[in-house]
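Letters A, B, C, D, E and F mark the chains as written, and numbering starts fresh at 1 in each.
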Amino acid sequence: MIKNKIITFGEIMLRLSPPGHQRFAQATSLEVVYGGGESNVAISLAQFGEEVQFVTRLPDNDLGDAVLAELRRWGVGTSCMLRGGDRLGVYFYEKGAGHRNGKVIYDRADSSMATIQPGMVDWDAVFASATWFHWTGITPAISQGAAAACAEAIEAANHHGLTVSFDLSYRKNLWKYGKLPSEVLPPMVAGCDLVLCSMEDAAAHFGILPKAKEDNEMAAIESVSTQLMERFPKAKKIVMTRRSGSDSASQNLGAVLFDGKKLHESSSYQITQIVDRVGSGDALMAGLLYGLLRNMDDQAALNFGVAAAVLKHSIPGDLNLVTVAEVEALVNGAGGGRVSR
Amino acid sequence: MIKNKIITFGEIMLRLSPPGHQRFAQATSLEVVYGGGESNVAISLAQFGEEVQFVTRLPDNDLGDAVLAELRRWGVGTSCMLRGGDRLGVYFYEKGAGHRNGKVIYDRADSSMATIQPGMVDWDAVFASATWFHWTGITPAISQGAAAACAEAIEAANHHGLTVSFDLSYRKNLWKYGKLPSEVLPPMVAGCDLVLCSMEDAAAHFGILPKAKEDNEMAAIESVSTQLMERFPKAKKIVMTRRSGSDSASQNLGAVLFDGKKLHESSSYQITQIVDRVGSGDALMAGLLYGLLRNMDDQAALNFGVAAAVLKHSIPGDLNLVTVAEVEALVNGAGGGRVSR
Amino acid sequence: MIKNKIITFGEIMLRLSPPGHQRFAQATSLEVVYGGGESNVAISLAQFGEEVQFVTRLPDNDLGDAVLAELRRWGVGTSCMLRGGDRLGVYFYEKGAGHRNGKVIYDRADSSMATIQPGMVDWDAVFASATWFHWTGITPAISQGAAAACAEAIEAANHHGLTVSFDLSYRKNLWKYGKLPSEVLPPMVAGCDLVLCSMEDAAAHFGILPKAKEDNEMAAIESVSTQLMERFPKAKKIVMTRRSGSDSASQNLGAVLFDGKKLHESSSYQITQIVDRVGSGDALMAGLLYGLLRNMDDQAALNFGVAAAVLKHSIPGDLNLVTVAEVEALVNGAGGGRVSR
Amino acid sequence: MIKNKIITFGEIMLRLSPPGHQRFAQATSLEVVYGGGESNVAISLAQFGEEVQFVTRLPDNDLGDAVLAELRRWGVGTSCMLRGGDRLGVYFYEKGAGHRNGKVIYDRADSSMATIQPGMVDWDAVFASATWFHWTGITPAISQGAAAACAEAIEAANHHGLTVSFDLSYRKNLWKYGKLPSEVLPPMVAGCDLVLCSMEDAAAHFGILPKAKEDNEMAAIESVSTQLMERFPKAKKIVMTRRSGSDSASQNLGAVLFDGKKLHESSSYQITQIVDRVGSGDALMAGLLYGLLRNMDDQAALNFGVAAAVLKHSIPGDLNLVTVAEVEALVNGAGGGRVSR
Amino acid sequence: MIKNKIITFGEIMLRLSPPGHQRFAQATSLEVVYGGGESNVAISLAQFGEEVQFVTRLPDNDLGDAVLAELRRWGVGTSCMLRGGDRLGVYFYEKGAGHRNGKVIYDRADSSMATIQPGMVDWDAVFASATWFHWTGITPAISQGAAAACAEAIEAANHHGLTVSFDLSYRKNLWKYGKLPSEVLPPMVAGCDLVLCSMEDAAAHFGILPKAKEDNEMAAIESVSTQLMERFPKAKKIVMTRRSGSDSASQNLGAVLFDGKKLHESSSYQITQIVDRVGSGDALMAGLLYGLLRNMDDQAALNFGVAAAVLKHSIPGDLNLVTVAEVEALVNGAGGGRVSR
Amino acid sequence: MIKNKIITFGEIMLRLSPPGHQRFAQATSLEVVYGGGESNVAISLAQFGEEVQFVTRLPDNDLGDAVLAELRRWGVGTSCMLRGGDRLGVYFYEKGAGHRNGKVIYDRADSSMATIQPGMVDWDAVFASATWFHWTGITPAISQGAAAACAEAIEAANHHGLTVSFDLSYRKNLWKYGKLPSEVLPPMVAGCDLVLCSMEDAAAHFGILPKAKEDNEMAAIESVSTQLMERFPKAKKIVMTRRSGSDSASQNLGAVLFDGKKLHESSSYQITQIVDRVGSGDALMAGLLYGLLRNMDDQAALNFGVAAAVLKHSIPGDLNLVTVAEVEALVNGAGGGRVSR
C-alpha cells in the first residue's frame, strides 16, 4: 500500500463554549476546544491512520503552544508550523438545543493567521513529498493576506502535482476585508480537483442556477454540478451535503457526489441525538478523502464520508475522534447503540 | 413608543437540583437557581426590554442578598423590596428523564414571603407609575398572610387603574393553611383582566364544566372560557395552554386565547429535546404580556408567547433568557437548530 | 405478609466512565460507579423494600471498603462478604450516543472474585433463612474457580429448598479460561426455576432452534421456551426481553414470559431518552422477582419488571434507584414527564 | 474483647456549601454533606469499628431517605430511627479562607427533629443492650421538645446503667425558644460521666470562674474542672480543647483531660493546611470515646482523640473518615505527608 | 449622612483562568470572571453600600450583555455605558502556586474600550451629580484614544469639582501605541487629589528618587511622597502599598499614606493562604476611598483599605465581595478563621 | 550545538485520583493522569526542548491509544513503542493533606509492561542515534520479564556507548516476583554513569553504611557516595535528594551531587504550598540531565534540577510542565508568586 501524505492549511482557533445547554450570560466557565475546518480534517484523517500535516501560523505564547500540543496529541504533523503574530483566533460557541439555534461570536480579527502574508510559508518544502492538499473557503475569507497565502498554496500544490480538494464553507460573518467571495474564489477554485459546496453557494458566489424543474432535487443538483465543472474544468468531482431537520435535536444527513457522469447518492441517516454538530462537514470531507486515498470507488468513499459525519454528531468538540473500524461498522449497519461487552 | 412599567408580586425561592439526571440520593452537589412564577415573568419581560419591578419579602441574610443580586443581574427593579422574616423559601427539584417524572420537594413553610402581612407593602408607591400588575395562584396558596397581601395588591392595582393578569398555576402541595382555592380565589380573580388557567382548574376551583360534546376540544374550551367570563366579567381574555407528551423527553406545546368572541389558536410546536421545562408557563405568560403591551393583536401576542415558551424548554434553570429577536425568529420559522456563523 | 430473604452472588466492579459523551481519549476524569449484574439486582430489590444479601469476594483495601459502603448505602446486607485476593475488578465504559455504540473495556482478570474457589463461602450459613437465590451467566464466565463456586451455590440453594433464578447475560469478552458456555452452563441451569435468556443464546449455548415459521416471532419464542423447559425440567418460567432501536438515543422495550402453557406479553414502551442503559436487564429481573415474591400473577410481575427496566434508562449509573410506587405509577400509565408540585 | 454498643442522639442536617472558596453569592452549585455533631461522632466511631446507633427524627421524603442511606453507608445503625415531621434541617456553610471567617446560616427551624416530643422514642428499646450514650448541647438548644426528649434520654440512659458523655458545643444562633442554657442544661449535665466544654462556657452557663492567677492557664483549667466536678458530681472526667490560630489557614490544636486528680495534657499539633474544620470537635470526642471504650488510659485516649481531630482537618465535609491505624500512625509520629508506595 | 456618588472609568475584560492550579496547556475549561481595575473598585464600593457608576465601552454582543449583567448584579450603575466597537478585551490568567509565578496573556488589542475616542462619553452628564472620580494608569496605557478619553474625563471631573483619585498600576505589557508613561501621565496626574503608586513607578515614570539613606524605608517613602506632591501640587495624599513574600502561597501586606505632613502606617497582615491575589490593589483603593468618603481620618481609612485588601486574597475572582462589617471585624481583630454559628 | 537524543524505558500507568482532598470512599469521580517515573523524565526533558523517546509496552486498546496520544501531546517520541499484552497498569492515588499521608493502591500486576520479555524491543534500533539512556529501579521491581528486558537495555546502551543514568526509586509495594533488589540491581547498576539513590537505599540494597560520625550529614553522604563509586566504578556522579517536612502542606527540598572529588550542595527551597508532589523526583532528574546535556557544570546542573523539582510541586498531575526559562528564573531568584502583566 502506498502511503499518502496530506497537507491542510487554514486557521485553528480556541473555541470557548458554555457547558451543557447554558447561554453565554449563564456561564461561569467555558469549555476549551481547539478547532478549525482544515485542522479538523487533518485530525480526522490522522485518526484514520493517514500521514497528515497541518500548516498555520500560531502566536508565540502558551496558547500557541497548547494548539501545537493538541495537534501532536492527535497525530498531526506540525513541522511546517509558523510562529508569530499577536494572538490566537477565538470563537465563542453557544450550542443550540431544541428549537434554539446555536450561536457563534467570532473574535478572530488580527489573529496570527489573519496577519499571515504570502511568502511566509515555504510551500516547496511543505509539498515536497505530499500527494494531496486540502483547503476551505474560510481561509480566503479571513483577510487579504490569508487569501493571498492560500492562492499561493494552491498554485504551489498544482505545481507539485498534488490533488487539491476544496470545501466552500461560506461564513457570512467573515469576508470583512473589502472583497467578495465571487471576486476572490474563482481563480482559486480553478486549481481544484474536488469541490464540496451547496446549491446556495453555487448560486451566490458563482452565479450558477439549476436548469431543472424545481421539484426534482437530484436533477437540480446534477445541473448545478455540471455547470460547476464547466466553469472549473479541473474539478472532477462535485460533492453536496443534504441536511434537513426542524430543530437542534435531530437531523437527516446524506450527500451526493457527481463524477461528471453519474450522480452517486449516499445512504441517509436519521440522527436523533446531536451531541455536537460542529465539525460534521469536516468529518464528511475527511471520510471522503480517506475513501478516495484508499482507492474506494466514489460511491463507497461517499458512504464512508457520510457515516463518518454521522458519527461526528455523537462526539463533543470539533474533532471526529473515530476509527476506520467504527465508520465501517456504521456503513455495514452495525450501529444501533449496542454496548459491546 | 410609550414605555410601560410592570409589577409582579410573589415568592422567589432557592431551587436546588441534582446535576444532570441524578436522583436526589445520588447527588453530591446541587445546582443553584433562584426562581418563582412571578419573578420568572419579571425576568423574562426584562430580557424583552420592558421596565419591570418584582416585589417580594426576603430574609436579611446572604441568601436574600443573593436573590437581590440575581434580580438586578437580569435587569429587574428591586427598589420596592421588603427585607425581613426568617428564611428564604427553598424547593428541591429533581428533573425527570424519559418515562421518569420530575419531582419537587417544597421546603418553603415560614419563609419571609409566607410570613408577609397585609400593610407591609406600600402599594400606592409601588403602583404609582405602573401600568400592569401580574400575579399567580401560587401566592394565595402559600399562607393566609400572603393571600391577604395579594388581595390587597389586586385591589390597589384596580384602584390605580392597572391592567391585571393572573395565572392560576395550581400547586397541590401548597394550600396547607386551612382554606380552599375555591374560597380564596374568586374575589381575587374578579379583579383581573386576563386569566390563564386550565380546564381542570376551572372545574376544580370554579365548578365550571364544558357544555359541549366530549370530543370537541375547541368547543369545550370556548364553553369554559365563556362561563369564566360570565363569572368574572372584568376578564376580557382567557388563555389556556395545550400540552401533550408521553415522557420527559418530548412534548407538544400550543395555546388558545378567547377574547369573548373568537378563540385564537396558536401555532403548535413539537419539542423533542427538553433541557428544563420549569418556567415554561411563565415564559408563555411573559411573551403574551409583551405582545399585548407592544400592541400586537391577540393572535400575534399568543404566538409570541407560545414561541417564547418553546424556547424556554432549551434553557437550564427557571429563567427564559431569550431576546425579542430570538422569539420572533422562531415565530417566523427560523429555528431549526442552525448555527449562525 | 411473609418477608422473603433473597441472596444474589456474583462480581461487583468499579465502573469508570468518561463524563457526558466524551470518548476515552478525551476524558480528564472518569465517573465512578460500583456495579455488576447480581449486585444491581440486589440493590434494586432493596429499593423495593426486600431483605437481600449480596455475596462476593472483595480485596482488603480502600476500594473493597468503598464497595461495602456502597452496598450498605442502598440497604443491601453484606454480612456474608469474603475479603481477600488482590484487586477489585474494573471496567471502563464509554457511553454510546446517537449512532455511536457504547464501548466496554474489561479489566477484571485476577480480581478477588475471579480467584474465588469453591469452599470459600459457607453456603449453609448464607442460605440458612433465605427463600430465593439469583445468579447470572457472567459468574461462570469469569474463571474456573468462579464457575465452580457458583455451581456449588446452586447445589446448596437447591438443597436448602430455595427458588433459583438465572439470567444468561452472555458476555463474549469473558469465557477466557478454556471452557465454553455450552460445557459449563447446562448442569447449572438444571437447578433453576426461572430462566431469562435470548433466542440467540438458546441457539448458541443449548443448540435450541425455533420450530416455527420465521415470520411468527411469538410462535418462535414459545417453541424455544418449550424446548428449554424440556431440556431443563425444573424451570417453570422462561423469560425473554424484546428490544429494538436503531441508535443509542431511543429504544423499544418489552418482554415475554412463558409459564409452560401460556406466553404472557408485557406492555411495550418507546424510550426516547436514554440516560444510561447499563443495568436495564438487571432492573427487569429485579422487578420481575419482586412481583413474583409479592405474589403478583405472572402477567403483573412481568409488567412490573418491564416498567422497572424502562425507568432504569432514565437513571445515571448501573443502579435502578426507583421505588415500588414509581414503578406502579408507570404501570398504571402515570408517567409522561410531569412535574409533581 | 467485649463489644460495646454506643448510642448517639441529635439532629443531622443537610449542609450546603459553595465549592472551593466561593462566597454564597458567587455559588452556582452547592456541595452536599449530611452532618451534625452527634451523627458525626457516630460515623467516626463506626469507622473505628465500633457498633453504634444514631437516633434522630427524619422527614418521610427523599431527603430523609438520603440521610438514612448516608448513615448506612458509613456503617451506623439506623434501626431506631423516627420518621415524621415536615422537613430536614438545613445549614448553609461558607468555608473561611485566610483572614476571612467561615459563615453559617442555619435554616433548621421546625425541622423533624425540632418538632420531636418526649415519648416518641422508645428509649428502653434503644438502650436495651447499649453501654454508652453520647449527646451534645446542640439538642436542647433546638427546641423545647428536643430538650425534653434529650432529658428523657439521659434519664433512661442512667436508668439502664450506660456511661453518658456530653459535649457542650454552645451555638449562639440557637437557643431561640425562650429558655437559657443555664436554665436547661444543669439537670441534664448532672446525669453525665464525661463533660467536654470550654472555659467560656463554664463561665457563661454555669457561672464557674477560675480561682487561679490569670497567667497560669493549666491552673485555671484545673480550677474550673474541679468546680465543674463539684457541681456535677457524677462527672468523672472533664475535657477541654485548646486551639489557637490567627487565620483560616492554620491552627494549633491540643486538649486536656482532668480526671479529678491529674490534668492530662495531650500532644499539640500545628496544622498548616485546613481542608475543612467542621466536625473536628466531634472527631476529638469520637477518638476519646474510642480510646476509653478500648480501655486505653486517660492520657492515651486523649492523645488518640486529639490525633483524630487533627486528621479531620484534612478531610472535606463533616465526617472524620479515618481508621484506627491512621490515627495511631499519627500518634506514633508517622505523619509528614509521605506517600506510601 | 450625605450620600456620595462615585464614578470610575476604565476597561473591564473577560478573564479566563484554568481551574485550580492547572497550567494553560492542561486546561479543558476556563473559569469566567469579568474584571478590571476600575470596575473592581466600583464593585467593591457598591458592596460597601456606595452609589457608584462604572463607565466603559462594550461591544454590542452577548459578551457585552454579560458584562452589563455582571455589573448590575453587584449593584453598580450602568446608565452611562457606551456600546460599540468590535470586541470585549480578554485576558488569560494562570494563577501561580508555591514558587511558580502567575501568568497573564493579554488579548485586549482593538477592544471596544481600546477604540474609544474623546467625545464619545458625555462627561457633563456623567459627572452631573457625582462627587468623586477614580481612574488608573491602565487606561492611558491601552491606546491613544483611551488615553485621550481619560484625560478628557479628568479635566471634566476637575471642572465639575469632583475629588479625583489615581492608581498608577503600571503594566509593562501595555503601552504599545508609541508613547511612554512619562510622556502621557504627568498632565493627567496633575489633576488628581490622591495618588497611589510605588517607589519604582515614581522613579521610572516621574524620575523621582528618594533623598534618604537606603536602609530607612520610611524616610525614603516620605522623601518620594514629598517630591511627588511638589511635582503634582493638587495631590494631597500619596499612598504606597508594602508587600513582601517569597512565593505564591504567602504574603505580608500593609500600606502607608503621606498627607503632606505625616506618614501614616497601616497595620500589617501576614497572609498565609492566597486564594486569588488579583484585585487586591483595587480592594485597597476601594476601602481607602470608602473610609475617606465616610469621613474616617487618614489612619482609619488606610487601615480599612488594607484590611479590605487582606480579605480580597481569600476570594476567588477579581472582585472583593465583602461587606463593611466584615472589614471592620478584621480591623478590630476578629478574624482568625472562626466559624460563627 | 549538538542535539542529544535521550531514551527512557519503563512503565507508564493510568493514575486515578479523587478530586481535591477527598478520600477514596468519598469520590464520585477520579481524575485521570498518565504517568510513570521514566515517562515523567521523558516528558520533562521534552518541555526543555530535548529530543526524547520513551519505550514501553502498551495494550492494544483505547487506553493504550490514550497513553500514546498523551506522550505525543507533550512532544515525546513514540516510534519504538510495543503494543500487546492485556492491560494498562493502574494506580489509585489519594493525595495527602496536612497531617494525613498520601496513599497509593497499585493495580499493575500483569500489565502489558509487566509481561514484557527480553527480545521484544529491538534495542539496536532504539539506541542507533541516541546518546543517553535513563532507567529507574521501578522497572526491575515489576516482574522478572521487565527486569530482564531492562538488563538487556542497559547492556545494549553500554554497547552503543550511551551515557546511562539510574534513579533507584525503591517501591516497597513492588518486588513481588520472588527476587530481592540486592540480587537484581547490582549487575544492572554496574552499567551506569550516574546514580541517584538515598542513604537508606544504599544501606538496604547494597549494604553500604556511612563511615562517618552520626551528626555530620555531609560527611556521611560523601562516605556512602565514595563507597558506591568503589562498588560501581563506572558511576562518575552520585546524587542524593534532601527532603524534610512535617506534613503534606510544606517541605524543604535540596540535593547533593558527589563527583568523586567534591560534594556539590544545591540551593535549598522551602515549599509552603504543595499542589502535587508526585513526580518531583523525576523532575529533579530531568532537570539535572538537561543541565548535564547542555554542558552546565555539576553545580549548575544540580541547581537547575532542584529548581525544576521545586516548581513541580506547584503543578497538578505527575508531569513537570515547565520551560527552561521558568526554571532559570527560579534559579536566579525571580520566583515569589508575582503576576507578570
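Just so it is clear, contacts are C-beta pairs under 8 Å (C-beta built on N, C-alpha and C of every residue); 3 or more make two chains touch, one makes a residue touch a chain.
Since we're looking at a predicted model, the values are computed, not measured.
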{"item": "Taking each chain's C-alpha mean as its centre, the one farthest from chain D", "value": "A"}
{"item": "C-D or C-F - the one linked by more C-beta pairs in contact", "value": "C-F"}
{"item": "Listed pair (A-F, C-F or A-B) duplicating the D-E contact set, over half by residue number", "value": "A-B"}
{"item": "Residue-number overlap at the chain B/chain C interface, same or different (half cut)", "value": "different"}
{"item": "Furthest chain, CA centroid comparison against chain E", "value": "C"}
{"item": "Centre-of-Cα separation between chain E and chain B, whole angstrom", "value": "43"}
{"item": "Residues of chain B whose C-beta touches two or more other chains", "value": "23, 25, 28, 69, 103, 272, 274"}
{"item": "Chain A residues within the chain C interface of the complex", "value": "269-275, 310-311, 313-317, 321-322, 326, 329-330, 334-341"}
{"item": "Residues of chain B defined as touching chain D within the complex", "value": "16, 19, 23-25, 27-32, 61-63, 65-66, 69, 86-88, 90, 92, 94, 103, 105, 107, 109-110"}
{"item": "Footprint of chain A on chain C - complex, ascending", "value": "20-23, 25-26, 91, 93, 96-104, 106, 171-173, 245-251, 272, 274, 277-278"}
{"item": "Residue ranges of chain B touching chain E (in the complex, touch as defined)", "value": "69-70, 72-75"}
